[in-house]
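For reference, the structure discussed in these notes is given below.
Labels run A, B, C, D, E and F following the written order; every chain starts at residue 1.
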């Protein structure tokens, strides 16, 4: 039986999980615009070897991480 | 009878619906500036095959998602 | 008698009016920097047919919409 | 006697004054980095006639306006 | 015994530690997208000698610092 | 005796000091990535004479100023 994907939630237990979620959201944003995996695979060769593209990726992750961190009240209580 | 479009609202039941709304808002921002569908169709060939353009699209979605997530109090209560 | 422009306000009744205001603010930002309508008309030919420019326009609208949405408490109460 | 410049404040009476302040802050940011008026005058010819530069200017104004609007509680009370 | 990395936390004692964390998060964002250290080493030659790339790096740090500062309530209480 | 640098704090007495701090933070972000003063000196010739680079600098300052302004509650109380 195909694994049912967990519904998207912004709540995570730890900041690291929050950062991983931000990375996932940034990538979903790209896949939503370009669903063709072959195209994405070819483009990876380009952006993964381009300094400005990598910095731009990091920026999208930073914006999503800001959202996820606020959603989790910055994990203030967590150990 | 032509379907009456639901008025825009930022309130969604789930984070996934919130993300879909953010994608929609990002695209409305483009269509508001360039309403000509033919032009947009031609341009899609370009940005959908350009790494930096796809990252930039993901960034606009991230900013709108930040707004929609705050509007829904980060869906903290929802299952 | 020349119509007196309504003073700028961030408060709108609906999210759609809020989005329209965000578009207006983004355009005022351009006109404030370049008031010459002829120049703007010529430049429209360029940015309205350039994918990255259209994405950049959508991003400025997204930032203003974030401000307007917060100003209206995300229209939480409104129908 | 040379006019004493009013100390910088983020509080304005109206949203329009708030937007004007955001434009001023965006320009101060450029002048702080490049104080030479002659250089700025020459560069104006370039950015004021470049669509992407004008959009980028509008974005800096949008970020400052977000700050000024929050500072003034979005002028919610004002007429 | 290999040193166990401290789990990621957004809480720091001082603004300087907060800024250092923001720099670290910005870099993790790049490494998450491109884990190959050799590629990153080669790219460093490029972005570290390019004005716009350095400004873009500073911007990603600024976004993360905004998140970390909010997480620490802007270190208002701290000496 | 070498002057001991004051520890970084986001709290300033006035908005102008807050803006100056934002400029300083934007520059620290560049220096953290490229500590070599000679390289930075050479690059200054480029970005300080490039409209888009100057706009990008102003944007990083705007993001840091947003953080510093929030840290100081927008200097609402101050004269």
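To be clear about the criterion, a residue touches a chain if its C-beta (ideal position, glycine included) is under 8 Å from a C-beta of that chain, and two chains touch if they have at least 3 such contacts.
Bear in mind that the values here come from a model prediction, so they are computed numbers and not experimental data.
**Student:** Same or different interface residues for subunit A and subunit E, judged by whether over half of the residue numbers are used by both?
**Tutor:** different
**Student:** Any idea what the CA-fit rotation angle from subunit C to subunit D is, to the nearest 5 degrees?
**Tutor:** When the C-alpha atoms are superposed, subunit C turns by 60 degrees onto subunit D.
**Student:** CA centre of subunit B versus CA centre of subunit F: separation in Å?
**Tutor:** Their C-alpha centroids are separated by 33 Å.
**Student:** If you average the CA atoms of subunit B and of subunit C, how many Å lie between those two points?
**Tutor:** Roughly 16 Å, centre to centre.
**Student:** As a quick test, compute the distance in whole Å between the mean CA positions of subunit D and subunit E.
**Tutor:** Each chain's C-alpha centroid was found; their separation is 28 Å.
**Student:** What parts of subunit D, by residue number, touch at least two of the other chains?
**Tutor:** Within subunit D, residues 47, 50, 52, 56-57, 59, 63, 66, 70 contact more than one other chain.
**Student:** By the document's touch definition, which label belongs to this structure's chain graph: line, ring, star, complete, or other?
**Tutor:** It is a ring, because the chains touch in a row that closes back on itself.
**Student:** Just walk me round the ring: subunit E, then subunit F, then whatever comes after, in order.
**Tutor:** Counting round from subunit E, the next being subunit F, yields E, F, D, C, B, A.
**Student:** So in the complex, which bits of subunit A are touching subunit E?
**Tutor:** By the definition above, subunit A touches subunit E via 14-16, 19, 23, 47-52, 54-59, 61-63, 65-66, 69-70, 74-76.
**Student:** Hey, which residues of subunit C end up touching subunit D in the complex?
**Tutor:** The touching residues are 7-11, 25-30, 32-34, 39, 43-44, 46-47, 50, 52-53, 56-57, 59-60, 63-64, 66-67, 70-71.
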